[in-house]
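Below: one structure, written as structure tokens.
By letter and in written order, the chains are A, B, C, D, E and F; residue numbering begins at 1 in each of them.
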């Protein structure tokens, strides 16, 4: 069986890196890579050939591979070239775009969307959303630190004391948590906010403080699930977040709701009250952003506040992002490939969720 | 002359008991302490045999019988003590304690008979009489109680609550006091002696009978200090300092020890004395499969780890919640300083975000070299003495390997069960993120150390430092 | 009460000894790790086997024809020896785990 | 007395920030700022007027100020406009360029070059070299982390373990030490190398390891000064540094020798052996660089290795850099200005070193 | 009857001594322990006065004299003890110790005269004779030695080495033994008694004379245990248990204490006994201005800090070199837990790069809130109990303020000297980066705690934890 | 040697007391922080003032006309009292610094 890797058009990443090939071989899967696929993420072709993969043209890869892996969705031309019955693995986001599934149905292929793998403990080793979000969170802080014209840590020096930077993290999901950790490492004073009940403990488990709104309805009895909060409480909450935002120097916004538009957490008014030189990195940009001024894939300045909108910062740490993505894919295959055969086991929760299209 | 040497021997004996007991209180010196006490004892025994002279300067007779008895006791005692299983040690201690109590009782019997033969009236010799009768009562209670404790621990006797047990016990105690009073001041004389013996024996049996197996060590310790007092009474009787000091020492130290043991189990001694314990066994509770988990005391955890060759720490989300990374690092350091090989086993999904444990431990300045990936460390558990699971749960859940119905079946986990001991620190028996029960906690090798990780580790480190 | 005072007066040193020994008993076992509770109990158990000295005296002072005393004394010596020897040996076995020296 | 601040042409920084004005007032010195001088470093004009400074045109500032402060040297036109006898404070680097002092002699002004202030304990509060180098060291690591396609800290994740990044610091001066601290904070494994004898202890005092070359001549007897090392030792040393460089992912090069060309520590050969994706930030670029391929103020790629040559990264944290520079200047003035009068005390070591030109 | 009560009083007295001494070993309980011992003593004294009866049942006479003596002693003793300066405490102890020794000596004199009056021959009463003579010798040595120690500490007597001092001392000791032997077994009788007294006195004087002031506490402690033995001999003489036990207790505890004090000063007891110390004074050395610095023992530093209200830590380059940030943070935590207010004073140029201390302390997770800038903290030193300077030097050099010739004159420094105590930890007296001497180390408020910062702090934290 | 043995035999309890007391003295002062060395020494100093009891006995048993004994005894009582009272008071003063309770 042959697995084909394509050169990405929009990404710096590559779907499978040379070091991962070892594990594929164990599954009796061969690797065929489009020429130059790994260039942008520092995996030149020779590294692939060294481990025994073959370099090929894009057409060759598409037409001869039993499994085709690509990070970004392929266009129709490419899909059309794929072998009948082949497996196509990508991040297709059928949740965000309902035309995806009907579009795929036209082709006689199996399509696995890695972002559909359930977020369970068992499936975590294949969870690309987690691995990419984690890198995005890390990179978001580095980008912010780079855009920021001050230093993060507190420093008492002969030329005066540099106060520590105040960082506010909105949304303590995987990306937000990693952002907390990274900002803390750099010496910032970190606060975070999330609406999930468990988030409070998770934030504190990283040593950051949680934006506490006094008067919350106790959810102890609810077994960890969020309980409905009063309208008054929600108003207070919004006000407090605005207050914290105005006082902070850096905001990493990573609040998202699966399949919906991201909540607006930083209003125009807030931004106009923030100190010039502040930096906002909005990881929710692709779903509209948490900040009113956010433009996706752009870096703008408003009232001296720099706002970077980018939901795919993982692509900027392309080398490690490629490695992790490749591992996720291989971990997935390890569960379903036995002796060069793919077992489309629909009784398996993971396959059931991830396989969004089959040959008719 | 010879009595001077005898006295010196006794002095050495007494001192050896004190020093021996002192040394027995520290892990490093305990074994030597036991040896010293044994040497002192041997000296005292042989000095008695060869040097003892009564007031009129007459030495001892019946050497044959004496040596015969010594020989039989030594051979039987050594064999019994050597053969016994490690797990059966407590009942063995109980048995030997009973022997001591019986010995004290017999001495009282002989001396009582002696008084009677000489035609002495108890009321004229109040001191001696009290000592003899008290020696009998305490010795017999100790003997009878110890036998019951032995039987229970050995599984020959079952726990049973005696109806109105407490009232009966109090009545028996009163009876003992009354009989003693009547014998000495009431002129009741000889006749009641064997009744006293019988009543004491019954009290000893009833005292121990209702007590649950888990509390048995406390009872044995208490009976132990009783026997000490009985031995001391013998010292009074024969004006013999080594018996007096040895007996009193054990009586007092034994009492302290009993209190300490009670404290370690969170009970009061009063509970023990009025014989009302038993009932619900703490420190052991039922698990999902009907199994039960056991708790470990801090000090035991400390000794276990301090005397290990290799310890692996498994950090989990709980460690992060407790923010116990710094004190965890300190534990690592203190163990390392004491020659223990310490590593951290990092499970890929431990915590709540990728790399959570790395972030945590890096903050506490734990060297990267000590962190081991799951694949690398799993084979190492087999030659690990203690695994300390700190606030981890799902990542050490054996269901992932053994239970195909489990939602995490198939996930690779840390094979902590391959190690000799597993100590799990968490606050309760609640499940982790995945919300599933963890059978590990109920396995025989596992002991639970409940409490917030920071608190528990702080105490553990203090304990280890106090020992090291 | 009076008798007791008289007794005390007559046996001053004995009483002093007694009290000191009790204090020593407390002093000596001030802080013991819980793992040592059982071995310590066992060691103390062996020490009160010192009662065997009483048995030896009883035995040694018995008239050769006082069979009851001899018989009982013999049993007492055996029991006491068991207490002593068994106690020390068992304690030693319990303490085997502390054998290897550290540091 | 009036102190004038000019808008920098080549820098983002500004010489005096609004918050520093308070201390100037205490010295009876007024502040006059060229319009827009602080814009690039997030100190808009209104912040200056708020604290009581006046905004003026460049000409006005030049012609009416008793003290003119500028980070970069002024051109002749500007210098010609200055009041006779006025004090001109800047970073003039007469050490690197011997035309500076003769050039200044033409004007009837006092010129203080902040970079000439001695590196003593007493003068440290005016030491701009230290304060700027420290920021450069911090920023160098952030730039490297941003250019690097991997993550710095070690992470054990469900998608595989990310090994920690290896960072090599060459030259443990002020910039190098701050780079060590920052890289360590980010979770990298840090090694450093310097030829100064005291550097070893200084590096270790930051918890990093020092590249030790076995067989060094013991310099204990030399009272802390470096002793001459054998030729064999120096060869070994060079080889070891190359070896470490090849193994590392990031190199921060900050080895300089005052008034001389920077030593070449990373050869062409070494770079060609380094892993693709590695990053070098060369802070010694302005004096030729520590790396053979370095181009000053450029970011090039050689054999997949990114090489950023920039000696003035402090300018990229312009806000804090401006603050610290301003503090240094004010600390200097505090020593010599009494009641609005400047005391050119040539008996003072600091003034003697820093005053490089006087009215004839 | 009455003797029963006397015995009980004595028992309580003896026990109170033991318990008192025990409690005196812990800072928390020390004061109470002293009180208990005092109460026990009072009881024993009054019980003796009112209940004592000799073998023939006769009580005591001369109550007037007894109470007169008690009154005089109490009034004088209390006033003297209350008036004395804190710094003069050691000589006071020495003085009181001498009184005790003299008292024991006088008892021997009286009892000796008593024997002579009764016409008893020493050789016929060996035990009693030895006790009396030994009591005299030890009591007198203790008295004479204490007086010399007092004089030296008070500055009345200067240190002087006696030529061949050791040989003379040994000769005197031999002479004492010979005289005692001759008096008892040689039949030399009465005549030598006062010679013995004189020789003992001379020995006492010569024994202490050559010893340097810094070692005086050890000597006093030793003499103290001598007096204890003398008191115990009195107990033998009168068959008096409270004297015996009290005296022996002090004799034994005093010896242990002497050894401990020697250890704390890094000397051996042997050094003390052969009277060969003195000479170079350790623990105090000459500074640049001819001044001298003093060292502080770990335990003293620990107590000082534990019982402070406010402690300020001044970190410097040395802390970074030692990589002692984590243990420093621990010190902060343990002090904080014990109610001490702890802050860090960060000097702008501390360390070797801008922000060095911040980097360091942030790594150990020290909260930013605890870090204070120089300008903010300088006014706080005035109401600070202890400043702990950890490997800092130039940044606390008062020359920056006081010495216009100094190369750092004019640099603002941390005004640590405003605090009550300054403890400086560094490895030696070497200067820091600027290469200039630091007068702070020689100031009266400053004590040095030498050693690598990590080692020193580790020990300090252990010490504080053991006390808290 | 023989005399000593006889003495021991005659005073068994006394000798026992002695030895036990010595052991207790060691036990009691096992671990003292150095700051407490001086107060502890001072406290022990006060305790050996118990020698005053000997002085009281000497005094109390002196014949009313034995002026030497009375004189010496009087001095001895004063000295002993000084030792006791001064000792305890000085110790207490030394310990004032530990007054305030912590925790």
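As a working rule, a residue touches a chain if its C-beta (ideal position, glycine included) is under 8 Å from a C-beta of that chain, and two chains touch if they have at least 3 such contacts.
The structure displayed is predicted, hence computed values, not measured ones.
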Between chain A and chain C, the fewest touch steps amount to 2
Every chain in contact with both chain D and chain E is listed here as A, B
Comparing which residue numbers chain A and chain D contribute to their contact, where sharing over half means same and under half means different, the two sides are same
Chain centres computed over CA atoms; the one at greatest distance from chain A is chain F
So the chain most remote from chain D by C-alpha centre is C
CA centroids of chain A and chain B: separation to the nearest Å works out as 57
Distance between the CA centroids of chain B and chain C (whole Å) is 18
Distance between the CA centroids of chain A and chain F (whole Å) is 80
Going by residue number, chain D touches two or more other chains at 124-125, 130-131, 134, 153, 155, 157-160, 162, 185, 187, 207
In chain F, the residues touching two or more other chains are 13-14, 16-17, 20-21, 23-24, 27-28
Going by residue number, chain E touches two or more other chains at 18, 22, 241, 245, 348-349, 354-355, 359, 362-363, 365
Chains touch one another in the pairs A-B, A-D, A-E, B-C, B-D, B-E, B-F, C-E, C-F, D-E, E-F
Residue set of chain E touching chain C in the complex reads 1, 3-5, 7-8, 10-11, 14-15, 18-19, 22, 241, 245
Seen from chain C, its contact residues with chain B in the complex are 3, 7, 14, 17-18, 21-26, 28-62, 64, 68-70, 72-103
As the complex stands, chain E meets chain A at residues 346-350, 354-355, 357-359, 362, 365, 368, 371, 373
Per the touch rule above, chain D residues touching chain A in the complex are 12, 41-44, 124-125, 127, 130-131, 134-135, 138, 142-143, 145-146, 148-151, 153, 155, 157-160, 162, 182, 185-187, 275-277, 304, 316-321, 323-325, 327-328, 331
Residue positions on chain B within touch of chain C in the complex are 13, 17-18, 20-22, 24-28, 30-31, 33-35, 37-38, 41, 44-45, 48-49, 52, 54, 59-63, 65-66, 68-70, 72-74, 76-78, 80-82, 84, 86, 89-90, 92-93, 95-97, 99-100, 102-104, 106-107, 109-111, 113-114, 126-127, 217, 220-221, 224-225, 227-228, 230-232, 234-238, 240-257, 260-261, 264, 297-300, 302-304, 306-307, 338-339, 463, 466-468
